Amino acid sequence: MKTLQTEHLTKRFLGLVAVNDVSFSLDAGEILGIIGPNGAGKTTFIHLVSGILMPTSGKVLFKGRDVSYAPAHERARMGIARTFQLIHPLENLTVLENVMIGAVFSRRQSLREARRSAEGICESLQLGDLGRDTASLSILEIKKMEIARALANGPEVLFLDEVMAGLNADETRQMISMVKAIAKERGLAVGVVEHVMGVIRELTERVIVLESGELIAEGPYSEVSKNPRVIEAYLGGAA
Amino acid sequence: MILEIQGLTCGYGKLPVLRDVSLSIGAESVALIGPNGAGKTTLINAVTGLVKPWGGSIRFDGRDVTGHATHEIARAGIALVPQERELFPGMTVADNLALGAAYIPRAQGREERLLEQCLRLFPILKERFRQIVGTMSGGQQRMVAIARALMANPKLLILDEPSLGLQPSIVSEVFDRLSELKKDVAILVTEQNVKESLRSVDRGYVLENGAVVLEGAASDLAKDPHVEASYLGL
Amino acid sequence: MKRTLVALALIAAAAMAFGQGTIKIGATWPLADITGKQGSMAAQQAVDEINKAGGILGRQLELIVIDDELKADKGAAAIEKLVTVDNVDVIIGGMASGVALGQVPAMKKYGKVVVSTGAASYKVEEALGKDADWYFHLHPWDYNQGASYVQGWDEIQKKFPNIKIKKIFLAYEEGAFGKASWDATKTLFGAGNRYVIDGASFKSAALGGGDYGAMLEAAKMFKPDLFLWAGYDADALPMLEQAKAMKFSPGIYLGAPPGWPVGFGTSRLSENVMLYGMWAPSINNVSPVSKKFYDGFVAKFKAEPATYFAPLSYSAVYIVADAIKRAGSTDTAALIKALEATKYESPLGQTITFTPGNIIKHQGVKNQKILQWQMGRQEVIWPFESATAKPVYPFPKWK
Amino acid sequence: MANKRNRTAGLVLAAAVLGILVWRPTVLIYGLQAAGLYASIAIPMGLILGIVHIVNLAHGEFMMAASYLTYTICRASGMDPYLALLPVAAVTAAFGFLVYRLTIRRALKAPELNQLILTFGLAILLTQAANLLFTSQTRKLSFEYVSASVDIGDLSFGVYNFVFVAIAVAMVVGLRLFLTRTKAGKAALAVGQNPRGAAIVGIDVDRAYALTFALASAMVGLMGAVFITRSSIFPAVGSPFTMKSFCLIAMAGIGNIPGILASSVLLGVSENFLKAFRGTREWADIVFFVLIISVILGRSIRGKKA
Amino acid sequence: MKRTATYAAAAIAAVVLAVLPAFLGAYPLNVARSVMTYMALAVSWDMLLRSGQISFGIAGLFGLGSYASALLVLRAGMDPVLSLVFATLLTGAIAYALGFAVLRLRAMYFSITTLALAEIFRIVLHNLHDFSGGPEGVVLPGVIFGGAAPALYWLCLAGLAITLGTSWYFERSKLHLALTAIRNDETSARASGVDIFKYLLVAFTVTSTLQGMMGAIQVQSYGFTTPETAFDANFTLLPLAMALLGGIHSTLGPIAGAVLLGIASEWLKLKIPYGHLVVYGIIIVLVILLMPRGLVGLARNRRAGRRA
């Protein structure tokens, strides 16, 4: 039984099919890349899996259980965590409080326990002074905090939506090793949406490619990047 | 010189972000490289009047524009593609592009030619010409933002992280077009994708901690050991 | 020489007054409303007149007015302040029943003499109860007003046989004022089957309404002999205009708002509109007290009294002053006794005495007057003893 | 499918309207007249809300002030309000511009609720200043033409109030032309959607805001001048219209100016429908609020589905 | 250390407030009641605002509480003190039920709907003549506790204390995290496991209950009510203005704002009998323009400035 699976997952908005009949699976300890052209439906796909959106048809299975229509907060409690492409750190809370939220509401810990577990996670991500207001964080720190917030849920599945965007090469390298370490230590199933091909190559073992909502290719990056359809739709001259 | 910045100091609240920065751009394209938090976006905001400089001067096209309002600077001939895109979400692609030219003296009377050029650059926008921008994906919106800026027929085009969220095929397309454009437009670009951007610009500045630490021809910078170690490699 | 003597006498009076302190009259009114504003001005006018004439018992009167802002809690706080901080001897004033209801508990607590100029709702009387012997209510209760109208129309029909009323239509605004009028009209005119009553509510322009179409439609279908509306001054002209547009012209078109708009009489539509009221400048012709009050007010404030709250409040001060004079002190028990014996010829064109109401012991004015706009002036039609003109009937049909 | 449902709804509505027209013609007549008044007062507020994103709680008070200005001019000169209309609109436009420059502009960067309380303070200020100057006694100018009447069979009704329907329609059409055809209008529209983006393409945001405020104030001034032909005025006359306008805008959806007219018709007719019957007359007020809630809730549920 | 000081200050304030009737006359106590009522409303409004929801329905719930309490005494013969409890709970129950519909809405649409609900309550009570007394309202047999000024003061103080205590709990429990998360970004709050609807419902129900409680206390303290008194728009607008002038998203801000505006309005009225409201309007305008973050924000900036 895979940790996470989708079966014929489809989402329509009015006339537009954003995600079309996508079936895939993700297992513990695995890092999966999700790539595809702009507007291919990558973010919508993560919204469907994490419960931010409900599918039009098809299924989402978490450890064999059908969670297709479970609300987002319940999926968070079951162990599906994610970060967001457009990040909104909670302005009126400190870094620590931002991270605690997941522990309090997903893992149902008391404030005291949540504080302790949040401190642990932040320390492992080297987040520095936790009493800071989030307004003063650098982009790298904000991205780390986003991951910390997701980890505080105590997840088994973690989706990272463009966490490397906006980071420079140095920072990207740091982040890659951090994500690898997290996945390994915690035995997580990780899905990564990323446009920078270097990141995908370094980080992932397997890649799925979406185009116009459809899954058009699947396999290791080295294979997928040679697929003519992928090159035409996505990589272009960069391949 | 098209843009000349002298001793620019600037920041938010009480916190200084830029310290005594000087740089200049002629009829060329220039990349601004640096880690996050170095002040790249602040520099752009200061040039476009979105934040008020504390000290120093900014001259554009021979005129002092230090502290001028954003719309005045835009009308003088600087077009900006901001990181956050800043489109008009309730309007169609067509309207967004038309507004890019409507208030800019330099673009008057050339709207059709400019539009044609933009649609050639981003064919998908032709398909989606009547679509409401707010319903498009993040990457598509970025294309609209770039096209809107080009509609202003700018003397100086500033792109803040243009490849953010764009698929690789489009990124290379954008950089190709930039190399084409730079014949008649000066370009200032900040880019995380340093390799790609250094390939397509003439010169570069490296900004660290609010100050310029390195400048030079793009080809030289690409070989600089510090740049190589910090910004290339992926 | 004479002037010096007067001056000396004045100084002496002032010194005496200073020695004994002033007699303090506390009052609350809604000062942002024309009623409270002019009421408080007229009360000050009366105080100044009395002081100029040497005061009462050799002491000067002092009027302390607090704005009740038309709010119950503010009104109640004002009573607390007047009694406990300003140590007033008597309380007068008041306009809205809603504020009076808020003030009653505080008034009961202290038992100070109150001469009220407002609060027409029977609910206030219920809240006061029968033991409130310190409460003197000048303004007629809503049921007093209703009863006086029945009497008035009976007498008018007897005296002017050409006026015949069988069907009465009441248009009443949705609020407390209109609802009370409707209840009173149904009970009082409906008694004995002499009249056929119908009515419809409307939203007053004072509260954002001002569309009378549906209501006038119902009235027109009923074909009343007497059309009566109970609303506010904001309704007066628009309702007439809409009635004209709908060609609705009953035999008698009668309004009962608490006040009328500025310059209503200058509108051509106002001619022969009838109204209920307590006072009009035309009473100056039959009452010297009214003329004295009117001239004094105009001279002092350069404005015409626009509401009967002015003469009523003016009366309240005189009634209090007169009673204190007769009581010889401001002691509550003595004052109550003296007030009970009040016989004050008021600018309202009638003599005010206190007689029992339905519950309370001391009710002042019990009737309203029936007036008519004639040539831009309010003329008194009934009671006949203070009448200034004869009724014009019927109300002109629209051409 | 949605199309089919719309058509069915349209047919039902048309049948209902026809039925009412035959059965109780005054429901439609008075309903439309009320709708015209509601809409023409609400539209300028909707313009400000749609572009400057400010709920102007002093909206009704602006109109009240314009009415007093008209009253003063007309009393002094014997002029008809329709002649005073343009000078009044010019004065209120300048007034709106000034209010924007002196107060609103300074509060734009503050949290959005501040603007609400700021305009609430302005509303108190205007009402009470009018009270000091004119007292609470109502004033009205009376004109023969207001009682203009039409007879159809036994039915006589006033037609003057249809002038508000004309004004409302003119406002909707005029604004549409202004916002889509003129440069200043397009700029205002763009600023309304994204002020920062507008500045980047060379639009003077502050000027667009000031212009919008002045334009809306001119429309309010115009309404104030016409309002006095129909209604008495007093210092508090404007405030109920503030709330009504706010509700109508919400019902239409922010930025939807023709929608304001449609909501007004719906409300005006429903109110007058209830008013036409003895048993329901007093409940006419509630229909307003029930409709608002149903429309807003309905839209949110549909929005969730889509 | 800092927390101890806060507790100590709160304890001292509580003691001082509790023993005030020993030193003050009926009039200041009456003014204090009015200030405390508005303060409680302002704090309760702010509590919901911390989730980003702007309610315009304070007057509606206040009026509902008023009428519930009055009608329980009049129609069910309930003891006035007991009616306070039941009216409070009843308001809460109604708010809870309505919450299921209203809390689907956001931003201006939520605000308008709460405003419309308040109007619906008012019109219903206005029109149910026989049950509610209609537009003329209801008069109770008497004022609670025989109208003794200290007793009424303590009753109002108790209402305020309950409100402040709840607000304090909101600030320190996980509700604080939930509401702040919802205010900032609902989607990311959901992804962190926050059941948005549940917490909004809790906040809406609790704050509505508090507002109903203050209404019940008010009606029993004055012995009567009418639709126009109970549902006065000022019960919505003044608490809003007070919270904003004091500083939102805190307990302290609305307290400061209520003291400022409450005392200013009473003082101005005595100093300027005719036209004091003009000055009141000017004060509101000026404070908003000069202190956009309220009194508390100003103090915070000062402190931050000194540190920097």
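Letters A, B, C, D and E name the chains as they come in the text, with residue numbers starting at 1 for each one.
One rule holds for everything that comes next: contacts are C-beta pairs under 8 Å (C-beta built on N, C-alpha and C of every residue); 3 or more make two chains touch, one makes a residue touch a chain.
In this text the structure is predicted, and so the values were computed from the model without any measurement.
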Determine the shortest chain-contact distance, in steps, between chain B and chain C.
2
Looking at the contacts, which chains touch chain C and chain E alike?
D
Quick check for the class: compute each chain's Cα centroid; which one is farthest from the centroid of chain E?
B
Consider the two chain pairs A-B and B-D; indicate the one with the greater count of contacting C-beta pairs.
A-B
Centroid spacing, where centroids are CA-atom means, of chain A and chain E in whole angstrom
43
Taking each chain's mean CA coordinate, chain A and chain D are separated, in whole Å, by 48
Distance between chain centroids, defined by C-alpha means - chain D, chain E (Å)
31
How big is the gap, in whole Å, between where the Cα atoms of chain A centre and where those of chain C centre?
76
Could you say which residues in chain E touch two or more other chains, in rising order?
274, 277
Touching pairs here come out as A-B, A-E, B-D, C-D, C-E, D-E
Over in the complex, which chain C residues touch chain D? Could you list them?
32-34, 37, 174, 200-201, 203, 205-208, 210-211, 213-215, 217-218, 232-238, 241-242, 244-247, 259, 261-264, 266-269, 306-307, 398
Could you pull out which chain B residues touch chain D in their complex?
48-50, 69-71, 74-75, 79-80, 82, 85-91, 99-100, 102-104, 148, 152
Per the contact definition, I'd like the list of chain D residues that touch chain E in the complex.
55, 103, 106-107, 109-111, 113-114, 116-118, 120-129, 131-132, 243, 246-247, 250, 254, 282-283, 285-286, 288-290, 292-293, 296-297, 300-301, 304
State the interface residues of chain B toward chain A in the complex, per the touch definition above.
34-37, 136-140, 142-143, 161, 163-173, 176, 192-194, 230-234
Which part of chain E faces chain C closely enough to touch in the complex?
25-27, 29-31, 33-34, 37, 126, 129, 134-137, 139, 142-143, 147, 149, 218, 222-224, 226, 228-229, 232, 234, 266, 269-270, 273-274, 276-277
